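Shared between the two complexes below is chain A, which pairs with chain B and chain C, respectively.
Let's turn to the complex of A and B:
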């Protein structure tokens, strides 16, 4: 009988240690990088630029990507109204052309365009949540292939999900051209009151095998049953080659995954002095105004951007701010102070820059040709013109 | 001797049972969760400006048709608020 007891005890220990780390964390503490800021670089204002966008209705894009074609840089954005992708030349700063997609027929995208990845003129992926599909198109709006996920369970057996791309937040899809895989967010239709976030948010899907290769992207420990982080319930994703960087609005961690095998190989955990720590969750039944105020006042990591020309990452953080301003008007949620952490390829923090309040709207921002473009929210603008501030990296003088 | 054999058989059975249960547990929980979500359009608020929108989401009241956030309306709105804020700051200085 003693033997049985010892069997049960050892198996219980085995199961417990296999499911979580000793401190109950979802992550192995040995993967967390211990780093300090080395103040080598900063971002400096370089110029104010005006993009002339033909489509004055759109004005600015909420889902966009920068590309390089024949040594020229372009901004590509979703034009939901016209069921199209708009292409803006960042050298001439004018609209170049549009790719209008059909809504029906053999080349049709029947659902809305929710996300995209422009690899080259013959390889453009369009994600449609309505269809639970990713379409492979070319720049003549012809359909080359379609990948539907209705009947394809995730590798962990879960099947009630949609391929998803959050409007405004950056969470894919991305295309890894080397191993021909798509990296995207899978939105699991679980009851939010029961959701314990104990699963992986992203998938790697082979367009050759038409099968999932792996899933990855654990939620940080503060995402647990009952929490409500509003917009930041959804994760962010940045993919550079075989590495997928997973990040969250309410956490300073950046999780680095090998997107070929799904292995978590490093955790960046740097935060600057302005980060107040993980916010308190909204109540599950928060009303509209509570939600608005929480988003206005809460500090959050919004985007992680990659500068491929300089091999640098920029992480944009919105500071916490009061709900109302000195005139007792509600502060717009994105117009307070921001700051930018600058990381090298190994996620070592090598610089930090402050963005004053009201000067820029980094909730709309992108990197092109080594410059960081931040939306300029000034109202002194003609119809069809979109203002930006451009910032450049500069080496700091050594003491 | 027989008793020892019985005890060993029982412990092997118990061991397999525990292993089977521990392996099956995560799948059971996914299967339960899978039936809970509703894949419908829900009324929510645009991430940029908080205006009402209608997207496939887990929470909210059902709505139709699906709509998108507009950056343009947000830029126009905050430009107004920022201008008033700047004027108020100037008055208080």
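Let's turn to the complex of A and C:
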């Protein structure tokens, strides 16, 4: 009986996800917000800061999270070399401690540490793509539980997937503590030449029921069969309570889902004057250099960050830039201009700030205690030090 | 479920599309410029070692360790190694030290290779022959064959 119910549910979801609107779009146009920029706020440079990071060779983390413990703010980052999480005190700006994980045994994480979510000292989720598992650990590196997804099809019946977390992009996992669900990206192993992106990218998984509750996160309409957006084929995710914000590098839309029931309830579709529109796809057979050139010349939305102290969102966009400079040398992908859209909780755009080229490397950025930290790419740095610019929100003067 | 990450897949795809020997010289000028400007390789050294293996050690090339291991067991004559970028990986650092005892090595720790748009992202064999450069990208599938054949031809 359960199998029949499950089958009917799968068919229903397939029918639902297979549907499109009359204009061919995957989305109901009535959900798209019509908004205009009200220039109330901007981000202003506040200070330069140096973090002493023990991960000195890299000097930075590609996957990180900010947390608050006992009124102190910390940056937590994956230290792949040591199979550990590093914890940096953002007040003293020094390493506080590390959580070293075993690679084998009852507390072992055998695969790599590819993603994590630090909820509290007794609830730390570690995602390992190699193992297709999420481990529930504590800050003594003891394993409380493990959730493996090898034998668990997604609610639409698809089973050839991995739980996934991109290094350098932000797409989970997140933990909804009220609902006791994990929100994470499920990478589907689909033949790239046949992939039409007509499925949902994220899953909500109950750690109590050990079962999926829902899937959500449709791709925008420009993601279709044959396109190749390189790194931006993977979606971004930001979760705040019951709401999951799904975004993509090559689209100005932000999709707002209720992660309890998977319902899409709103679509933000604002773009500033610097957004040139959806890019042309890379050719499927592009060589390495064509791919690099494309990443440099293509404007892209990289991160959506949430400032919980001010209830604001910051969306970071790298601008399009020429492939080469005046010396005919390659312009590295992240070194051009950036800008930041500032949204209120309802995704109304209420500010915009420009970041000049080479001044900051916003591909490494986080929000803590109401400040936006952006990586300072200066090469004049001592070993073990990581430089940042700190930005603060400021109200603009009214005309 | 042990799987290869898409980033690695991407590199594999790149390796396949770059595949094997490229005599089209699409990127020859860029490679030549990289050697002249960034590495400032002495022409005498290049004449003595017209075969060059570029080894980017900072990325996630799936055949990096295998190629370095293989090289340490061979002694390719007239071959210069260019070690590009830096790494935290102790295995690779140890292999680099081993290779430096056998081969002349030029280092590019700042990865200036990238700035010259050479289309090189994984271990690559270059043969300098006058103005022509033959480029062979090494992959998990071909590295043993390519290096053995290369060794036999020397």
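Please note the rule applied: the second predicted complex is superposed on the first by the 380 of 399 C-alpha atoms of A that agree within 3 Å, B and C clash if a C-alpha of one lies under 4 Å from a C-alpha of the other, contacts with A are read in each partner's own complex, and residues count from 1 in each chain.
The rule we apply is simple: a contact is a pair of C-beta atoms (placed from the backbone, for glycine too) under 8 Å apart; a residue touches a chain by one contact, two chains touch by 3 or more.
What you see is a predicted model, and the numbers here were worked out from it, not measured in a lab.
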Under the stated touch criterion, which partner chain does A:265 make contact with: chain B (first), chain C (second), both, or neither?
neither
Can A:150 be said to touch chain B (first), chain C (second), both, or neither?
second
In the overlay, answer first, second, both or neither for which of chain B and chain C A:288 touches.
both
Using the superposition on chain A described above, determine whether A:377 touches chain B (first), chain C (second), both, or neither.
first
With both complexes overlaid on chain A, does A:100 touch chain B (first), chain C (second), both or neither?
neither
Is it chain B or chain C that touches the larger share of residues in chain A?
B
In the superposed arrangement, which partner chain does A:130 touch: chain B (first), chain C (second), both, or neither?
both
On the A-aligned overlay, A:324 touches which partner chain: chain B = first, chain C = second, or both, or neither?
second
Touching A:332, do we find chain B (first), chain C (second), both, or neither?
both
Set of chain A residues, in rising order, touched by both chain B and chain C
57-58, 80-81, 129-130, 162, 187, 189, 288, 291-292, 329-330, 332
Can you tell me which positions in chain C touch chain A when the two form their complex?
1-3, 5-6, 10, 14, 17-18, 27, 86, 88, 114-121
Applying the document's contact rule, which stretches of chain A touch chain B when the two form their complex?
1, 3-4, 7-8, 11, 15, 56-62, 80-81, 112, 129-130, 156-160, 162, 166-169, 187-192, 194-195, 199, 231, 288, 291-292, 295, 325-327, 329-335, 358, 361, 363-364, 375, 377-379
Of chain B, residues touching chain A in the complex:
7, 10-11, 14-15, 18-19, 22, 26-27, 30, 33-39, 45-50, 55-56, 58-59, 66, 68-72, 74-89, 92
Flag every residue of chain A that touches chain C in the complex, lowest number first.
57-58, 80-81, 111, 129-132, 149-150, 162, 187, 189, 230, 233-234, 285-289, 291-293, 323-324, 329-330, 332
